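In what follows, chain A forms one complex with chain B and a second complex with chain C.
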Partner chain A sequence: MSRSFIARNPSVLWFLLALAVFTLGVTVLAEATGLGLVSTSFVKTLGKTLCLCLVAIAMDLVWGYCGILSLGHMAFFAIGGYAIGMWLMYARTRLIVTESLAAAPLPPTPDEITDGIAAQIFGVVGASEFPPIWAFAHSLPLQLAAVVLVPGLLALVFSWFAFRSRVTGVYLSILTQAMTLALSLYLFQNDSGLRGNNGLSGLQNLPGLEAVGQPVLSMAFFWASALALAAGYVLASWVVSGKFGSVLRGIRDDEARVRFLGYPVETYKLFIFTLSAVIAGIAGALYYPQAGIINPAELAPIASIYLAVWVAIGGRGRLYGAVIGAAFVSLLSTWFTGGQAPDLVLGPVRIQWVDWWTVLLGLSFVAVTLFAPKGIGGLFDLVRLRRAPDRHGADLGPDTGALREREAET
Partner chain B sequence: MSALLEVSGVSVSFDGFKALNNLSFSINERELRAVIGPNGAGKTTFMDVVTGKTRPDQGRVSWGEPPVSLLGRSESAIAVAGIGRKFQRPTVFEDQSVADNLMMALKKPRGPLSVLLFRPASEDLDRVAELADTIGLSTQLSRKAGELSHGQKQWLEIGMLLAQEPRLLLVDEPAAGMTTAEREKTTDLLRAAAQSRAVVVVEHDMDFVRRLDCRVTVLHEGSVLAEGSIDHVTRNESVIEVYLGR
Partner chain C sequence: MRHLLAALLICLAALPATAQDSGSPIQTLLQEQADLIVESSRRTIEPAITAIARSGLPDAQVMLEKWQAKQVYRHVETGLFLWAEEIDRDTLRAFDLAGNTPLGEVADDDYDQLKPNSGVRKMIGAALVVFQLNAPDPVTRATALEAIERDADASHLAALRDTIELETDPALRARKDRLERLLTIRFATDDAERIAAIESFSGDLGVDVRAALNPLVATERGVAASAPDTPDIARLLEPDTEALPREAAYDLLVEAGLAAPRLSRADKASALIAHIENGQVAGIRVATLDTEEARDLAYAELARSGVVEPVATEAELAARLAAHVFYERYVGAPPAVAIAAATVLEGIELRVGVHQAADLALDAVSLASIYFLAAIGLAITFGVMGVINMAHGEFIMMGAYTGFVVQQVVPDHTLSILLSIPLAFAVTFAAGVAMERLVIRWLYRRPLETLLATFGISIALQQIAKNIFGTQARPLTAPGWLDGSLVFSDIVSISYIRIAIFVLALLFLALFLIVMNRTRLGLEVRAVTQNPRMAASMGINPDRINMLTFGFGSGIAGIAGVAIGLYAKVTSEMGADYIVQSFMTVVVGGVGNIWGTLLGASLVGSLQKGIEWLNPSNTLAAQTYMILFIILFIQFRPKGIIALNGRAAEA
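Let's turn to the complex of A and B:
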């Protein structure tokens, strides 16, 4: 019991090793830093995938370990993206505006510059003044703080209301869906102050670093995403190991019992939900500069449902399962929807994967749930010869989020 | 000696059905008490009220010295105040090892931050080993609780309650589904527990209650019908009529 953290969590070491090999491999093959066999756009895809793995870890913390099926986690991810996107857009537009005003006979006043930036950014929604939420957009440190604070505060307020009223199970899932849908609909409005359905764009250009070029920038973001994923994995493993992890799993399987042991269940849920939202926000802040654009569609309820599907397919309740699920399904999704997958001809029917991919994903989700509840992560159990308990089909606890017989280990 | 727990005039109704009807009950420190009664007499509701799961419509529940009201406190706050509860079916954390179950129950700060930073010291490990010894599960510490037999799970749950070091233990039908040998061991565990704390045992089984050899409270239709030694209550006419006579 008093062994070191790594000895108690061997998966951490293996994960970090695999991630390091992968990151170095991509670096060696990339355009900017190595042989040029991997294109810059694919480096960006891989970097984005690492961010999705990070948000999947956040999802696994609340769902796999604490039994809270949140179907609104991509809202926190997108808020992180918006927070960093505001600074990126402001700072870059500022450079452009100062440059164009420099040609004028009189040096521009600060007000003229601000008005110029506002006109540039908000012209598309017919406004020319900064809405109040852009008050801190000029400052990178403040917007970076917002990446962490805004998702954290939203999660704190949401979970305070939801958990204090003891909303659990499917009702909580619906509530989280409503949260992300409401936020998405609000952001779609032009007067929401975040450019409505246009969203924020041009985020791939870092202000002042135009000369560096996208190949190098994408490598930098790829590395940053890999580091964030590594840090997130270690943090999450630390949180779920030891007594805190015991309490979380107890809440997942039998919340009432944990309460009668004297643990304030609501506070634990609030803590883990908020922590997970913060991780999601950070993942989003790294994702959107690589994607280049963010708009309210990113907060659509379906995005958060996909996140749950990734974690389920990878295997919930184990952190590497969440990572594998997110990486595998999102890369496969890129391949199928990118039109690269060859059409499947079944007699008169021609299956075009761009349309049929979601059907395939849905079927695999159902199949995993029914036939392989441990998901892809369960393959590792074959190597470890881990056996499932024989409980004649009974779950490991009375709660809806409780681990199922075949998800558990004897 | 003043009472450790005093329940007075408590009534609870669910959709017009009076589960508890002006119930009064009190128990002293280090007292072992059995509560019996037919189905629907309000035994479980009584426990729910004391542990904060159910809010009574009226009445008082006061606890400790000096007496404080328990009404309006959350389940976890009441558990921390020193009331432990054992459910009818064994409820242990089946996906976790016996050692983890006991470690979780040990009397330690319950807040998220102190739990997050908690690392078991050697005296905690010793305490877990000692508890496992008491409940006869020393050799099973690393097994998952879900693999234990029904009786072993019941003992593990009693062990977890002892680990909480409560001043009052509420035990719901501990002997249900146990073999005779297991029952005897359970009786010993409960009697030993009552040496240092108050224990209330809710039980159906008259033989088991007789073996506990303690004061008995008979509940019927949500209020106390009779109270006294087992021989006293089994001679009571109305008790015979509503309970034993059936």
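Let's turn to the complex of A and C:
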């Protein structure tokens, strides 16, 4: 324990450096703050990508380090978004309603204002009263607390139930998938209190900051996302370094053995699952104001599967791998599905990427799983000349954590 | 020459018109109603039709029938009515309405055709029903009965009663008898007669019976100073209860003129606005009126100065409510009839409940068989081999699309279904074998990797299907003999497609049991599942067996796809809709046991139907709660309903 945290984790320094260079570069090139070479919408895309990188880090914590393949982390992400979205929508509608009522001969009563806001927000689902779930929507601090607490509590309760009955492996994956499916089906109902499939919209407009303008706001969110990503990266690498991290990797590689050694495996898993859910919630709270709209489709099981795809392609078990995977695949997705990619002409067949990108993604995902379990992050091993040990033909499995490799060498 | 002929014809035509009997009773009646008949407007025609139908004249039926068929004509000059058939463009073969006697051929220039519009024709048809009840043709009589059932009238009762005795067809006789009792309930004037008819329906499940009885037990709320002593009181109501909320009770008082109307917030605000003077209301500054209390205070000030009506305070309101008695009164029928109807209805509701439970059980069974079909392939790949295949749903989809493509080529639905079942098996068997060889084989013992890789395949397959077949739902039409449903009663019924799916599920269960327990393949599969190395040393090729098992499971998914496609639409996402439920079914039932899968499907199916029944408007909520229940269930029985013990569990 003589060496400092940075010295033991050189990747943290490199990562922070790269992120800082990237952020400053975008700031210099952006419309609002610099040369105007990068459009506001692209700044938003980059800011959203940073949030996706953050949720990928959370995914890597539970999956890459602890071996829990959660197929429901985008549910926590969306819950964070809903929590902040409720305040954004409430506060902005309140400004509009107060303004329109100010013209009336009598000053409005609090009830009239509340009724007016409720009618504005819920008119689309045919209701005119606030459901109980909106009880704290008037207060920014309370909703900010909800960004952290609701995903955290849900993850805590869910994982307590799951881990105490020793549900592991694929069963747990399916269970998390069922959880996010149940949540999205619930939110799809009109009487769920969150506007059914309309979702929450107009989130890009911060109440009271209309005068500032979208270019500056998107730049501010970009910076906030970058800071959150930096903080999340440092926190995550601190958690997984040292003894705690070793126990986590031990659980991933052989849960029973760690339990026999006397470690409370369930508590470790509970902690890491809840922590990652909280990180995911924060990432969602930063993502959706940049996206402008959130609806229950964001919680669909497929979203969480894509999250797993990013982390797998980037390389799980290393935090920078998760970030690279999320950034690479989601930006590539945007490029391909945005119709910017040129069509591929194979003789008489013309392949339009808008239609075929998902096929390519699915198949390359299979290829990565089969042939390159280390993902893109594995390329860094080539640079550092770190090779997998010769295992004399016996397969230790794909979850080749660093300690395991060292163990195998002896 | 043509003109000459025409003139001759007109001379001839003039003769029969004069020969018509202008004094016959039907003609007299028609002349009385002539204005209405000629006007022929849906709003005013009714008295004329009624007069003809009720006239009791033997010729009334002919008149109505011909009128409905647009065959009644009126002479331009004399105004007499007759009916006629068109011979050609200019000539008519005329008949007298009285006695239906032929009048010979006439030129149509002298006659105006009556052209009742469709609304009027429908009213004529209703009036004709009475005559048709006695028609010699049973089909006509049945049609007439249907018309009465649809839209009954008090006049039909007497007519129906007259014809019951004459009815020879036993089925029609029974229908007439039932209809007569229904009409008695609705239209008879004698209470005893109505009560007898009501009681004759005790326990009858027909929707028509409930439709006839329900208006009789209609009630109306009322209020009085003391409890009324009349027999038509259904029950007394307490204000401020669920049956009579406080506001509703007070509104009743207001309606009866026993209390001043309540002041709504909007009325209060507008009263205040009307009395704003120099930015003040009754001496209170407008800017301070931003709470309800301040507004109440300002209104009270206004009331004290006498410019607005004072409002009742909460205490006065309570006193008023306490001083009056609220009740519900039968308004649909005389009390004795209403009470009889209420008693019979109560009995019927009970039986309806029992039948609804039976219907629900049938629904649950059919849903369970769909889940079982979707899950049985998974029970093989996941349950027996332990390979988790997230693309299983896409195999279901491939099977369904195979059925769709076969139906495009083979137009005969029966033949195409028979063809598509083996074809779907072949296609998905091939896909399963390919997938096993290319992907899954390399990932045995790495379940999470298998899950992810098969997810990748599932994403790709879904998108490929979308690119080929488009995003819109494709129909897979069931053969004609599967249309319709098996009806047990007005409430309990099940469509033949669902029965077919149920039968198919049973067949699959049998197939699975036979293959696993009675064939060489099943023996080898079980051996490889339990101990691959030992099996290999006994001369079994585990790779080959794994490949075949996986292909078998996938092939069954394909057949399930055809069955599910018949019942739901075929889309590229149909597999994804079933995958989570299928896994739930297998996991809840217990992995590695086909009976467990059967139990799991029954549990999941009946649970979903049960929740839907509790909250019928919301199938989304039902799915949500079902998944929550399953998550909780797995907490307490992590290994499912049927847990394997001992060495089998380790395999």
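The criterion applied here is as follows: the second predicted complex is superposed on the first by the 390 of 410 C-alpha atoms of A that agree within 3 Å, B and C clash if a C-alpha of one lies under 4 Å from a C-alpha of the other, contacts with A are read in each partner's own complex, and residues count from 1 in each chain.
The working rule: a contact is a pair of C-beta atoms (placed from the backbone, for glycine too) under 8 Å apart; a residue touches a chain by one contact, two chains touch by 3 or more.
This is a predicted model, so every value here is computed, not measured.
Judged by the number of chain A residues each one touches, C leads among chain B and chain C. When the shared chain is aligned, chain C comes close enough to touch A:Val309, but chain B does not. Within the superposed three-chain model, A:Ala182 lies in touch with chain C and out of touch with chain B [touch as defined at top].
Shared contact residues on chain A (touching chain B in one structure, chain C in the other): 397.
Residue ranges of chain C in contact with chain A, taken from their complex: 265, 269, 272-273, 276, 286-292, 295, 388, 439, 442-443, 445-449, 451-453, 455-464, 466-467, 576, 580, 583-584, 587, 618, 620-621, 623-624, 627-628, 630-632, 634-636, 638.
By the touch criterion stated above, chain A contacts chain B in their complex at residues 1-2, 239, 242-244, 246-247, 249-250, 253-254, 256-257, 259-265, 267-268, 271, 389, 391, 396-397, 403, 408-410.
Residues of chain B that touch chain A in their complex: 51, 53, 74-77, 79-80, 84-85, 87, 91-96, 99-100, 103-105, 110-112, 115-116, 118-120, 122, 125, 144, 146-147, 160, 164. Those residues of chain A lying in contact with chain C across their complex are 67, 69, 105-111, 158, 161-162, 164-167, 169-171, 173-175, 177-179, 181-183, 185-186, 188-189, 191, 301-302, 305, 308-309, 312, 355-356, 358-359, 361-366, 369-370, 373, 397-398.
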